[in-house]
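You will see two complexes here that share chain A, one where it goes with chain B and one where it goes with chain C.
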Partner chain A sequence: MEEERSFSDICGGRLALQRRYYSPSCREFCLSCPRLSLRSLTAVTCTVWLAAYGLFTLCENSMILSAAIFITLLGLLGYLHFVKIDQETLLIIDSLGIQMTSSYASGKESTTFIEMGKVKDVVINEAIYMQKVIYYLCILLKDPVEPHGISQVVPVFQSSKPRLDCLIEVYRSCQEILAHQKTTSTSP
Partner chain B sequence: MACRGDEPGKPFSAILSWVSPGSLPTHRTRTHNICMVSDFFYPNMGGVESHIYQLSQCLIERGHKVIIVTHAYGNRKGIRYLTNGLKVYYLPLKVMYNQSTATTLFHSLPLLRYIFVRERVTIIHSHSSFSAMAHDALFHAKTMGLQTVFTDHSLFGFADVSSVLTNKLLTVSLCDTNHIICVSYTSKENTVLRAALNPEIVSVIPNAVDPTDFTPDPFRRHDSIITIVVVSRLVYRKGTDLLSGIIPELCQKYPELNFVIGGEGPKRVILEEVRERYQLHDRVRLLGALEHKDVRDVLVQGHIFLNTSLTEAFCMAILEAASCGLQVVSTKVGGIPEVLPENLIILCEPSVKSLCEGLEKAIFQLKSGTLPPPENIHNVVKTFYTWRNVAERTEKVYDRVSVEAVLPMERRLNRLISHCGPITGYIFALLAVLNFLFLVFLKWMTPDSVIDVAIDATGPRGAWTYRCSHRKRRSGKYEISKTR
Partner chain C sequence: MVLKAFFPTCCASADSGLLVGRWVPEQSSAVVLAVVHFPFIPIQVKELLAQVQQSSQVGVAVLGTWCHCRQEPEESLGHFLEGLGAVFPHEPWLQLCRERGSKFWSCKATHRQAPATPGAASEDQVMLIFYDQRKVLLSQLHPPAALPDRQAGDATASTGGLAAVFDTVARSELLFHSDRFDERPVRLSHWQSEGVEASILVELAKRASGPVCLLLACLLSLVSAAGACRVFKLWPLSFLGSKLSTCEQLRHRLEHLTLVFSTQKAKDPTERMRKANTLISVLLDVALGLALLSWLHGKNRIGQLADALVPVADHVAEELQHLLQWLMGAPAGLKMNRALDQVLGRFFLYHIHLWISYIHLMSPFIERILWHVGLSACLGLTVALSILSDIIALLTFHIYCFYVYGARLYCLKVYGLSSLWRLFRGKKWNVLRQRVDSCSYDLDQLFIGTLLFTVLVFLLPTTALYYLVFTLLRLLVVAVQGLIRLLVDLVNSLPLYSLGLRLCRPYRLAAGVKFRVLEHQAGRPLRLLMQINPLPFSRVVDTYRLPSCGCHPKHSWGSLCRKLFFGELIYPWRQREDKQD
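And now, the complex of A and B:
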C-alpha cells in the first residue's frame, strides 16, 4: 500500500510524504524535498560571476574570472554532494529496528540503523532552532547502564524539517508499530 | 524538553489526544493566553522569580494559559515544563550584567514574535524594571498590537545618574503600556513619579507568601540564648553596612545574644571583618547562600528577625519571618510600613542607633514574655497575603486590559513624542518605526500561517489540564519537576 500527501516545511516550502505499508509490522516514510531549481542555480551563478566581473574591471587580473568559474563548479559539486539532501527515509520494522536513510542530490546515500533493543521511544520534541521554535521528531535511545535513563536523542528528518501536522502523522504510525512490538515481545 | 525523565513517551501521547472540552473549568467565562517575560526566573533565586512562578501556578489553576519567557541559564536552554505544565522558554540571549540580557531593542524580535505567534499569546506581562528582556518584550508586543501589563518590583531614587537614566527609559517603556502593577502603595507612588504615568492605570497588588511553607517550630530554638536571624543578600541595598555596625554593639551589651546570617554577596567581607575584629566566631554564624527551601529552617532557629534594607518595594523576607512566628525589627523604608500591622513589627530609622534601640526593645519584650507565641503570629499572618488572592486581583487587571484597545501606530508615535520629551521621544519614535519595519520584514520572511501553533499544556484546551485536575496538587510546590 502506498500513498502520497503533500506537506510543508517550517519555512513554507513544499514537501511530499510517501508512506509505504508493507505489513502491519513494517512501514516506510519517505520525505522528499523539491529538487534544486534552475532558477536558484542561475541566480547564484549569475551573482558570483557578476561579482567576479566587477572585481575584474577594478583590478584587471584575468585570474579572478577563472577562479570564479572554478569556485562555482566546485561549490556546486560540493553542495550537491554534501549539503543538498533530496530525500529522507525512515524505515521502521518492529522486530528489527529503525533505519534512516538520506539521499543527497548527487546520488550519495548515508544510512543509520538503530536496533529495536536500543530504542526507548519515538517522541516529538520542541527546540529553539536559529530564530525559530520548531517541533521535531526524535528517537530516544536507552541508556545501557541505567534502565530508565536516556543516553542519546537522535533527530529524524533533520534536513527537511517538516511541520507539526506531518510529524504527527509519522509519530502516530511509529507509535502503532512500537505498541505492536511491545505486545508481541511480552507475549511469546 | 517535551519528555520527562521517567516516562518519555507519555506526555506527548497525552498532548496528541486533545482533551475534550468537558474538562475545562465551567465557571470561567473568558480565559487569557498570558506570557510572562522577565530576565529573572528559576534557577536564579529571588523575590521576582518566586512571584512569577507562584502567580503563574495560581493563574493556571484558574484556567488560563500561561507561559514564561526568560533567558538561558548556563546549560538550561530550550523549552522546559515545570509543575502543572507551566512551559518555560529559556532563550539563548547574551547575558550582559547581573543576569540581565543585553538589549539592542531589535535582536530579540524574531524569536519573541515567533513565540507570541505560535503560543497565540494575547497578554504580555513583563516583570521587573531591571530586566532588559521585559522592556524589549513590551516594545515588541506593542509593535505587534498585543496587550501589555508590567509589574514593577523595585523602588528607585531620583538623584543619581543611573536612576535618572533608568527613569527615562522607564518613562519611554511605560508611556504606552496598558496597565502597570505595583507591589505596594509606596512603590506605586514611586513608579508614577518616575515614569510620569496616569495613576489610574496603576494598580497595587501586593506579593504573597505560601503560609504552608513558613510554619513556626518553637522547639527548634534554644530559649537560654536569644538568636537574631538575618536573611538577605549581602549587598549595599540590603543595608549590610548597618548590620556590621549593629553586631558588635549589641554583642557587647548582651552576652546571651547570637546572630545567624543567611545569604551571600559582595558585602560578606565586611561581616567577616567584624567577626574577626571582635572575636565573635562562636556568636555570629554566616551560613552563605541559602536555597529557598532552607530559609524556613534557618528562620525557625531565631527569636527576632532583623531586616536592614535601605530600599524595598514590598519585602517578602519580613513576611516570611512573621509567618514563622518571629518578632520582626525592620527599617522604615519604602513599602515596609504597609506590610505588617504595628503590633507585629518594630520599625526603626535606617541608622545603627535606631536599629539598636529597636532590637533592644524587642529583646526586652522577649525577656519579659510579652511577645505573643509564634503560633498566634502565624495564624494572624497567614490570612493576610495569599497567592490565590494575588492571582484573582491580577486576573481582574487582565480582564480590564483585554477589552482596552491597543494604541495604533500613529497614536503610539504621538504619545512617545509628546510624553517623553523632544529628543528621547523622537529617537524612540524612530526606533518604534524601525521595529515596525523589521516586523513587516519578518512577516514577509515567515508569514504567520507558516508558524505551527504550539500545543497548549495549560489553559482551556491544555493537554495537562485534565491530568492535573485528578492529580491533587502536591505540597511541594517549590519543587521543579524533573525535566530533561
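And now, the complex of A and C:
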C-alpha cells in the first residue's frame, strides 16, 4: 500500500513523504527533499567566475580562469556526491530492526541498520538549532550495561528536517510496530 | 515474534528436499545452510549432521522441507514431505514452497506440540530473508561481536541476532566441503555445490611459505642477534643509535619483518590482516626505494648533488654571518648593549668559522659518502628519508649549537631575574614548602641584589633577541625534519592491504548489513534481501592502522609556548626510550 503526502520542512521548503505499508510488520517512509535549484547553481557559478575574471584583469594570468572552471566543476561534483541529500528513507521491520538510508544527488547511498534488540524506543525530541527550536525524531538505543539507561540517541531525517505534523505521522506508525513487537516478544 | 528464515540465494533454484541449518530460539530465526536432496537415507543424514555439529560446535539440524515444483504440483510429494516431519523431529517445522513460474513463495511454520498458553496460534508468520552465502561466509563484522569461543558450544551465541547468522555460516565450513560431483551418500545443495573453490597459486604459496618463512626467520634472528651484541651498547655507539632516526627506522622495519616471517600461524583475522598489511607496506617501501635508487644513480645525479652540497652549506654559513653582523649592529632599530653584543656576536662568528673549515675538510669525501648512502635506498624509501633527515640534522648542527647556547643563557637570565625580583619585593622561594614566603634580608643583601637585578634587566633585550633569532632558526629546521618524519610515518602505518581489500572485495570488511524489500504480494510472506554494508574507508584506516614509531610530539602547544618563554630546551620529536633532560 503506497501513499504520498506533501509536508514542509523547518525552513518552509516542500517535502514529499511517501509511505509504503508492505505488511503489518514492515513499513517504509521516504522523505524527498527539494532538488538542487538552477537559480542557486547559476548564482554561485556566476559569482565564482566574476571573481576569477576580476583577478584575471589584475594579474593577466589565464591560469586563473582555467583554475576557476576546475574549482567550479570539482566543487559541484563534491557537493552532489558528499553534501546534497535527495531522499531519506526509514524502513522499520518488526523483530528485525530499523534501517535508515540517505540517497545523495549523485546516486550514492549510505545505509545504517540498527537491530531491534538495541532499540529502546522511538521518540520526538526538541532541540535548539541556530536561532530556532525544532522537533526531530530520534531512536533511543539501549545501554548494554544498565537496563534502564540510554547509550545513544540517533536522530532520523537529519538533513530534510520535517516539521512536527510529518514527524507525528511517522512516530505513530513506528510506535504501532514497536508496541506489536514488545507484546509478541514477551509471549513465548 | 515473527519467524525469520534466512535462505541462501544459491538454493533458490535447487530441487526439492530437506532444509538443513540452525535454529536460534532467542531471535526466533532459522538460518538455512543447505538443502538435502532426494533420495537419501535418514540415518546417513543424521550422521552427517552429527559430524558437522561435532567439528563446528554449531547445532545443525533438519529444519524443515523445501518444495520446488517444476511441473504441476504433486499431491503425493506434499504428503511425503509432511511425513518427513515425523522422521526428523524439529520444533518449529518449516515448510517452504516455490511454484514454477511464480516469484512469490509460500512459507509455513508449524508447532507440533500444543502451545503453552491457550489461544496462541500453532502457526507462525514467516519472513523470508535471502542472503548471499559466499559473501556472508567470507565477510568479517566490525566491530566483531563478543562471540563465544569454540569450546563453549552454541547455546549462548545470541549476542546480536545478525552476528549469530554470520557466525553460523562461517563455522559450518565442513558442510560446504562436498560438491555434487562427489559420490557421497548425501547430496547437498549450497554455494559450493557446483564445485569447491580453490586456487592453484594460493595452494602453492601456502606450501612454499613454510620453508621460506623458516629460512627468513633464521636470517632475521641472526641479524637481530648481531644488532643486540654488546658492542652496540657502549657509548658512543648507543648514543648515536638513539639519536639517529635511521637506526630507529631500521629497528622498526626489522620488527615488522620478524612479525611477517614468523613461523607461527596468525590466531585471529586481525593478526592476519596486520601481517598482510605489514608485508605490503614493506614491499611498497622497497619498490619505491628501488625506484628512487635508479633515479639517483642515473645521469650522475649523485655527482651533481655532491657538487651542490658544499656551496649550499657555505651559503647557509654566509647568511648566518650576515645575520650575526646585523645583530651586532642595531637590529630593527633596537639599541643593544655594546659589550655583551660584541662578545656574543664574536663567539658565534668563531663557531661559524670552525664549521665552514670542517665542511671544507669533508668536501673531497662527500661524493663517495653520498654514493654509498644512496645505496641504502634499496632497503626502502623510509630508510632513505630517515637518512635525509639525519643529514639535514648533521648539516645544521651549528644552528642547533647556537640555539642551545642562546637558550641556556636566556634561561639563566630568566631564573636570575625571577629570583632577584622576589628579593626586590622582600620574598623568597621556600624549597621545602614549594611556595613563596616573605623573608627579611640584610641591607647589603638587598643592595647587591637590586644592583644585579638592574644589570640583568638592562641586559635582557640583547640576550632575548639572540635567543629569539636562534630559536626561530631551530624551529624551522625542526619543522622540516618533522615533515620528513610525517611522511615516513605515513608509509609505515598506512594499511594498504585493508584498503585494497575494501576497494576490490568490499564484502570482506562489513560494518553491518542492509535490507531491501523485494516485490511483495498481499497474503504472501514478506521477502527481504540482506546485503553486506561495507566499512567506510576512514574506519578501515582507523581499525587496521599499523603502529608507527611512536615519536609523536610530546608537548601540546601551550606547554611548548611556556617552555619557549622560560628558555627551557625543547625536543619536540623525542624518542620514547630516551631519558628526560
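Assorted remarks:
Convention: the second predicted complex is superposed on the first by the 188 of 188 C-alpha atoms of A that agree within 3 Å, B and C clash if a C-alpha of one lies under 4 Å from a C-alpha of the other, contacts with A are read in each partner's own complex, and residues count from 1 in each chain.
Methods note: a contact is a pair of C-beta atoms (placed from the backbone, for glycine too) under 8 Å apart; a residue touches a chain by one contact, two chains touch by 3 or more.
Computed from a predicted model, the values in this text were never measured in an experiment.
With chain A as the common reference, the superposed partners chain B and chain C fit together side by side. Residue contacts after overlaying the shared chain place A:91 against chain C, while chain B stays out of touching range. Contact with chain B, but none with chain C, is seen for A:126 once the two complexes are overlaid on the shared chain.
When both complexes are overlaid on chain A, the residue A:57 reaches neither chain B nor chain C.
Contact with chain B, but none with chain C, is seen for A:10 once the two complexes are overlaid on the shared chain. Residue contacts after overlaying the shared chain place A:171 against chain B, while chain C stays out of touching range.
A count of residues in chain A touched by chain B and by chain C gives the higher number to B.
Residue contacts after overlaying the shared chain place A:134 against chain B, while chain C stays out of touching range. Chain B and chain C never share a C-alpha pair closer than 15 Å once the two structures are laid over each other. Touched by chain B in one complex and by chain C in the other is not one residue of chain A. Residue ranges of chain A in contact with chain B, taken from their complex: 8, 10-12, 120-128, 131-135, 140, 148-150, 163-164, 168, 171-172, 175. Listing the residues of chain A that touch chain C in their complex gives 22-23, 25-26, 28, 91, 93-96, 99, 101, 111-113, 115, 117, 181, 184-185, 187-188. Within the complex formed with chain A, the chain B residues making contact are 1-3, 5-6, 8-9, 12-13, 16, 77-79, 89, 91-92, 110-111, 114-115, 118, 446-447, 450, 452, 454, 484.
Listed in rising order, the residues of chain C touching chain A in the complex are 1-2, 4, 27-28, 116-117, 120, 125, 127, 129, 160-162, 512-515, 517, 520, 526, 528, 533.
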